[in-house]
Amino acid sequence: MTETDPKPPVSEGNEKAARGDKASPGKYVYDGRTPPINIFLHWCKACNICIAFCPKKVLEPDREGKPTLAHPEKCTQCAICWLHCPDFAITSNYK
Amino acid sequence: MTETDPKPPVSEGNEKAARGDKASPGKYVYDGRTPPINIFLHWCKACNICIAFCPKKVLEPDREGKPTLAHPEKCTQCAICWLHCPDFAITSNYK
Amino acid sequence: MTAANGKKHGKKEQTDRYEIRLSGSGGQGLILAGVILATAIGVGDGKNAVQTQSYGPEARGGASRADVVVSEQEIYYPKTMKLDLLLALTQEACDRYYPDMKEGGILVIDTSLVTQVPTKKYYGFPFVRLAREEIGHAMVANVIALGAIAELAGIVTKESLKEAVLERAPRGTEEKNEKALELGFKIAREAKRKA
Amino acid sequence: MTAANGKKHGKKEQTDRYEIRLSGSGGQGLILAGVILATAIGVGDGKNAVQTQSYGPEARGGASRADVVVSEQEIYYPKTMKLDLLLALTQEACDRYYPDMKEGGILVIDTSLVTQVPTKKYYGFPFVRLAREEIGHAMVANVIALGAIAELAGIVTKESLKEAVLERAPRGTEEKNEKALELGFKIAREAKRKA
Amino acid sequence: MKRSGIGKARLLQGNEACVRGALYAGVEFFAGYPITPSTEVAEAMARELPRNGGKFIQMEDEIASIAAVIGASNAGCKAMTATSGPGYSLMQENIGYAYMTETPCVIINVQRGGPSTGLPTKIAQSDTMQARWGTHGDYTAIAVAPSTVKECFEETVRAFNLSERFRTPVTVLSDEVLGHMREMMVIPEKGELEVTERHKPDVPHEWYKHFEISPSFVSPMASFGEGYRYNVTGLTHDEDGFPTANPIEIKNKMEKLRFKIERFADEIHKIRMDMMDDAHFTVVSYGSVSRAARQAVTMARERRIKVGAIQLRTIWPFPDMKLREMFAGVRKVIVAELNMGQLVNEIKRVAPRHTEVFSLARYDGEVMTPHQILEKIREVIK
Amino acid sequence: MKRSGIGKARLLQGNEACVRGALYAGVEFFAGYPITPSTEVAEAMARELPRNGGKFIQMEDEIASIAAVIGASNAGCKAMTATSGPGYSLMQENIGYAYMTETPCVIINVQRGGPSTGLPTKIAQSDTMQARWGTHGDYTAIAVAPSTVKECFEETVRAFNLSERFRTPVTVLSDEVLGHMREMMVIPEKGELEVTERHKPDVPHEWYKHFEISPSFVSPMASFGEGYRYNVTGLTHDEDGFPTANPIEIKNKMEKLRFKIERFADEIHKIRMDMMDDAHFTVVSYGSVSRAARQAVTMARERRIKVGAIQLRTIWPFPDMKLREMFAGVRKVIVAELNMGQLVNEIKRVAPRHTEVFSLARYDGEVMTPHQILEKIREVIK
Amino acid sequence: MMEKIAHGSDVTHHYLRPKKKFPNVWCAGCGNGIVMGALIRSIDRLDLDKDNVAVVSGIGCSSRMPVYLDFNTLHTTHGRALAFATGVKIAKPNLTVIVITGDGDALAIGGNHFIHTCRRNINITTILIDNRIYGMTGGQFAPTTPGGSFATTAPYGNYEKQFDVVKLAIGAGASYVARGTVYHVQQLEKLIEAGIKKKGFSVVDVVSNCHTYYGRFNKEGDAVEMLSWMKKHAMPIEAVRKIPPEKMKGKFVTGLIHEHDATEFTHEYQMMVDRLAQKEAEK
Amino acid sequence: MMEKIAHGSDVTHHYLRPKKKFPNVWCAGCGNGIVMGALIRSIDRLDLDKDNVAVVSGIGCSSRMPVYLDFNTLHTTHGRALAFATGVKIAKPNLTVIVITGDGDALAIGGNHFIHTCRRNINITTILIDNRIYGMTGGQFAPTTPGGSFATTAPYGNYEKQFDVVKLAIGAGASYVARGTVYHVQQLEKLIEAGIKKKGFSVVDVVSNCHTYYGRFNKEGDAVEMLSWMKKHAMPIEAVRKIPPEKMKGKFVTGLIHEHDATEFTHEYQMMVDRLAQKEAEK
């Protein structure tokens, strides 16, 4: 537990970068209106995974522990939240 | 099948030698009367193993294929015959 | 072979049968409450008590339910038939189980969670709020409820219930549990007086 | 539902039922002989034939036995009841199965292996010796025996038997097998004449 | 699939005849694990299937065998296995899965003496009740029992037909003597016997319900890879195949499993009667005992005893009504079985009041002889 | 072995009561594999046995569990396992081995809905017939069925006693509701209930026959490591335990398996009657349904219906004679079961002519209610 | 395609059952859902026709997965998924057969089918969700539960030894053996994808969290804590190969650990059939 | 002692059943009898009390052995010997428990118990008579039957892959894995002896001959020819370690191939019980 994070080659940072895609589509910038991600509260079970692992602290829990978009502007579309959501409750709006 | 016999360290030659027993009890010599080994014909199934593997060709098959002591004088009490008999049909007389 | 024919035929049996349901959602400690109640009645007061509960996906998900049947006599049918008392800690539980009540049965609800009560005759207490605010420990709402039920139904002695609660209380929480139970007795006593 | 009630009741059925046992020791090819015989009767002559045999440790060890039941009609009971013909290639087989014979049944033995015959009425042939000496192939003793049986029992046509033998003969041994069969016919014919 | 050796009289072993029957019925998949006295079925399948466009696999055990069979059946194959007592016991859990998932498959049980390892090379008919009650839970079983090599062929064909028609596992109860016996039979020409094909859905896949409750209770069955993408589960499920805890859906499912068979029991029953027209006494039997019974009855008729023989070719569902009718004029019934008395209990249950039921049970690993039955007939009619 | 918690009233789950009963009876070995709704038995055993000088092991599956239990029993331990439908099906082959080798052991089957995976958390009584006929071959089974938590305790003790006395596996048929229900019971003091110990041989080892055919048919049983060095095999064997193919020895063995139990059936039967003295109608039931039946009968008596209740605490061997006697004055019998009608067939078989038998079957995963039974009573008496 | 995968929404709707039974039965935060996501994305990347994919499972929390997936799905009996799947694959070799199983399902009751399927090298991809416990039945120890851990049937600490799934699979002859975690989802996706592509038997051992039982009994916390533990202690095989063994203490290897080439079972069968046909033709 | 072993006669009479059922059921020349001889001599060398030895087997020709042996003998159901033996051993840890099994019994139907017993490292010695066929049922292929070989269920040549027993046992965690042959009887005797001595699970894989089926179907001749083949192709591990791998072509390794130290199962259980007792005493 004391050893350092071995930094696995995937699953962190921008997904496309992790895949080594050649064409880099440029950084995502929040347009101030469209939320970067959608959260289907009905499917969400408030497990806290998305909130805990969002590297930019975009998400914060509501009273029931479900994620709310507290800082949409910080989102980088890194995909960590939706790839880890066990309940398919997050999708991205970045087209 | 064409390669040479790897000579496993045991199971061939005099058993005691194979075990590396320090006290060598000297060579067995047939006294001309007591047969070196006993064959219980009733248990013998004529599988031919003892006959085929006796290094001294002491044994020969009878009409039914069961071993007879054709050359008792050649026996060295090497134990191969009785150790391999699947039917416990051979015991040694060498005390 | 055993013949249990001793009892007179036709005799009305189990007129003292009393059926309780504790209902709400998982995590509210209702199964434990049911076990405590049954223990108090059975081990403490020496009556018969049977506790049953719902298993299955239902149990893993949201809803939770514990039933207790009490009687001086042998309890034949172990499940509830018509409830003498229903404790409902969620709206869903209240809606679902209210029809299972006997006429004249006692309905006890948590006023902070059950907002639409299907009858006017009921006892309402804010168990969860009380637990948080008065005892400082949200987890003892079930114990406050137990205290209230004991007072209202009168099928268990307070001593036995206290003993049973304390036996099950995690170490270090004994005092809070005792306080919660007393609070339950008190609020119900007051409510009864008012009623 | 099928009703096989067509046949008249009380009619004596299977008066033509004929039961044969080929017995001896494992390795004498008796099961194969049984199969050949049944095939000849069934496929060749178009009668009904059932072949059964002994399984189990008995079968793996020394003894070997094949039974054939023959009839023009449906064969109800497939096992033998009372043998019409017994072929015994070992003393043990002869001792064991002689009591299963019908009165007046035909006993056929190998004279070189069966030395104590329990009756005076029997046909004896040195099958194994004949096979070795006349045909030059010890393995065809069973075929010589089949030939003899065919001649003695008259329940199979020679043509069918020949065909069945040749069908089963390993490639290259057809001639020897045919010779063996003919030898069987011949020795039995002679014996019958003498008897 | 190519088929070989049709239409010619040949000497066949009972076990081989099952294989021929299966090929005739269109078997495409066999998975099994060797066990005496059923092994010849697997061995013949290993020879025949690869030459006939089918698949043979020897699995690691009987549990895996029946599992693979059920898997293959869901993938669209007519599929079967063969085994004997110990293997049949091991298969029970997954046979239950086949009942629940309504998966057609055929299991040939070549019976030997039990319980346990028992008597591997000796005859018995002691898995009769197990064929009805062997796995846990409720269901309705189909089991058929041949008595001749020809019937081995026919009953295997019938087992496939019933299995495909009712979407249910079917057991063929053979036995050691029958399995190993060689007898003449002519393999029927194509078309001579009915061959039932699986009833396929004709609705678009969005409408398809794999476990639809139709009037006949038997629903059409799509296969994997045919575009229907249904779910199959051993949990009690709704018509779509999704697990349910709803009492009404549960009840519907259970009744479907039962009535899809019971409603058509008449068409499943198959009974052979010999000399029953005027019989006051009858010998009821099944499997290879029926042959001894026929012989015994013939012998008794020679002695002017009015006895007939009833052979049950369908054991399960049990022909309650049919037998009750047949017993109308029958005073005494002997039930001859190679076990300690199994089916006799069913007959006692269904026999009308005027009919006395006697058990003739043999359980020493030997066959039932005509004389033994004859003796019992004489004893009983006294 | 140390025993804890005796003599004090306590609230126990049915599954826990089985464990307490087993400890009371002297259980020394448990092997099992978790399965709903029996898992609490294994869990309590895992807690209790290591503290009470016993051995607990969780095996890789149910087949291995019953195998280990039989192994331990032959090594001298009172041994048991617990499971539910799918596991019970898997155990069948080795349960047959226990019958054949006359190895005492106890199997608790906490029933759930079937067939197959079915309804893991819902009640059923649908393994009733399987407990009699689940494994291949012939044998005589013992199965008992409690209806209360106290009876869970008592029937487990009795199962051990019967098992040790008759050298045979015994099944306790519990169910999901009973297993999970909590109820008051006082654990009896030592000596209050009879505890049967294994009958050990007292002859020198050369004289010892592990499968001796004695007058009672039950032979004394030595254990591994006690100097007797006997052979145990699932092949049909002679008195010494060596495989046999001799028809007489086979017959003797088979009859031993049967008569060692049937001859003492009277002592195995256990039936509770409520309000049967003057009853013209009766409700026969077992397991937790009996509680609803008693309630219903009480309710019917209030309506002056002369109905009584019969609870079978012994299911197998089936109490043919006893029931026939009890039915002497009974015109109509309702058999209430949580299955599609299993034991009702047995009752039909044994019911005297004047007694009509009706089935009240429920199979939707829910309990049988007193009202449902009451309704059936009213329907039937019309 | 990449876009679609990255965004997930349409993938979800395409591969989950039309009558979606969501929220699913699993506990909040259970890794099973994460694996399901990785699976559908890998299938999507491979562009497989849904009609030609069969997903087979046994019994367990993990084995509930097929119910949600819009393929040909077979939810079988406990431990037997691989045997059923073998039947499916042999019957229709053109189907892509994927088995979802748990550590109890595959390695306890199903151990025999596991090793035999490895041995046969039949083209089935097995995703073994390894949460080191029997989740479905409420937390009994599994053959993978670490020694000393607590479980309802190991109330005094587990005294049994464990299988190393990877070693076992290799020992039994599997031709593709990989390990992933539910934290490292994208690695997992790729391991599954490569497993499906592999012509032969492939095992992807997925370290997952059952915080409800294993986590709770062993004070390993909730889903987040357990995923964090994976993040910390997983070591990709490429890295492992470069460091001295003592640095591996407390870590576990992930990635494609073993691969070899061997003829596939259904292919061998077909070759046998072809040889036979040729022989008959020659006659 | 050495003398006695060498001469065999009194050993035979001491360890075979008083009511000897000889000649035994096996075919003339079957290796099972040779293994039985090696077993009793190794037990004799260890000077074990017959009353404290339990021999457990499954079903198969090989598994018939216990019937002849004057110990506590348990001839169980097919494939389950190790599970029964586990019960015996745990119930009475002081018994020396030996399991006799065949390649079908242990590795086909019994594979799961085999790997789990390896994993648990329970002190049982398993003698696996590996004749590469199902002998008892008349010659169907086993999971050890070489590819291309013929068997009644492989009439066109076996297209399945094989287990390497040694690799499988090691992969599953066995702490002692050896291989002998029925030709090299004295090596076998020693391997069995050391296996019994080992505190933990030990497997002795014995290459044996079923000339009746395997030999006949595959033109490998009678017992003598098959034993000669073993003589030629066995290579002791000590020698193997010295030669380059290519020299191993066509050969197979014999001797003690793997051994490691690990706590034994019944010992671990007892430690758990002792810890518990201590805790209760401390209260």
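Letters A, B, C, D, E, F, G and H mark the chains as written, and numbering starts fresh at 1 in each.
Going forward, a contact is a pair of C-beta atoms (placed from the backbone, for glycine too) under 8 Å apart; a residue touches a chain by one contact, two chains touch by 3 or more.
Note that this is a predicted model, so its numbers are computed, not measured.
For the pair chain B and chain C, there is no chain touching both partners. Traced through touching neighbours, the fewest hops from chain G to chain H number 1.
Chain pair with the highest count of contacting C-beta pairs: E-F.
With centres computed as the average of Cα coordinates, no chain lies farther from chain B than C.
Each chain gets one centre point, the mean of its Cα atoms, and the points for chain D and chain H are 45 Å apart. Distance from the chain A centre to the chain F centre is 57 Å, each centre being the mean of its Cα atoms.
Computed centre separation for the pair chain C/chain H is 61 angstrom, with centres defined by C-alpha atoms. Between the Cα centres of chain A and chain G there is a gap of 25 Å. Chain contacts: chain A has no residue touching two or more partner chains. Contacts with at least two other chains are made by residues 56-57 of chain C. Residue numbers of chain E whose C-beta contacts span two or more other chains: 36, 50, 60-61, 63, 86, 93, 97, 116-117, 120-122, 233-235, 245. On the chain H side of its complex with chain B, the touching residues are 2-3, 6-9, 12, 16, 22-24, 26-34, 36-38, 182-187, 190, 222-224, 227-229, 231-236, 238-239, 247, 250-251, 254.
Residues of chain A touching chain G in their complex: 1, 3, 5-6, 8-11, 15-16, 18-19, 21, 38, 42-49, 52-53, 77, 79, 82-88, 90-92, 94-95. Across the interface of their complex, chain E is touched by residues 1-5, 7, 9-10, 12-14, 35, 38-39, 42-43, 46-53, 55-57, 59, 75-79, 81 of chain D. Taken together, the chain H residues at the contact with chain G in this complex read 108-112, 115-116, 119-121, 143, 156-157, 159-164, 167-173, 262, 265, 268-269, 271-272, 275-276. Interface residues of chain H facing chain E in the complex, by the touch rule stated above, are 59, 77-79, 108-109, 111, 134, 136-138, 140-141, 143, 152-156.
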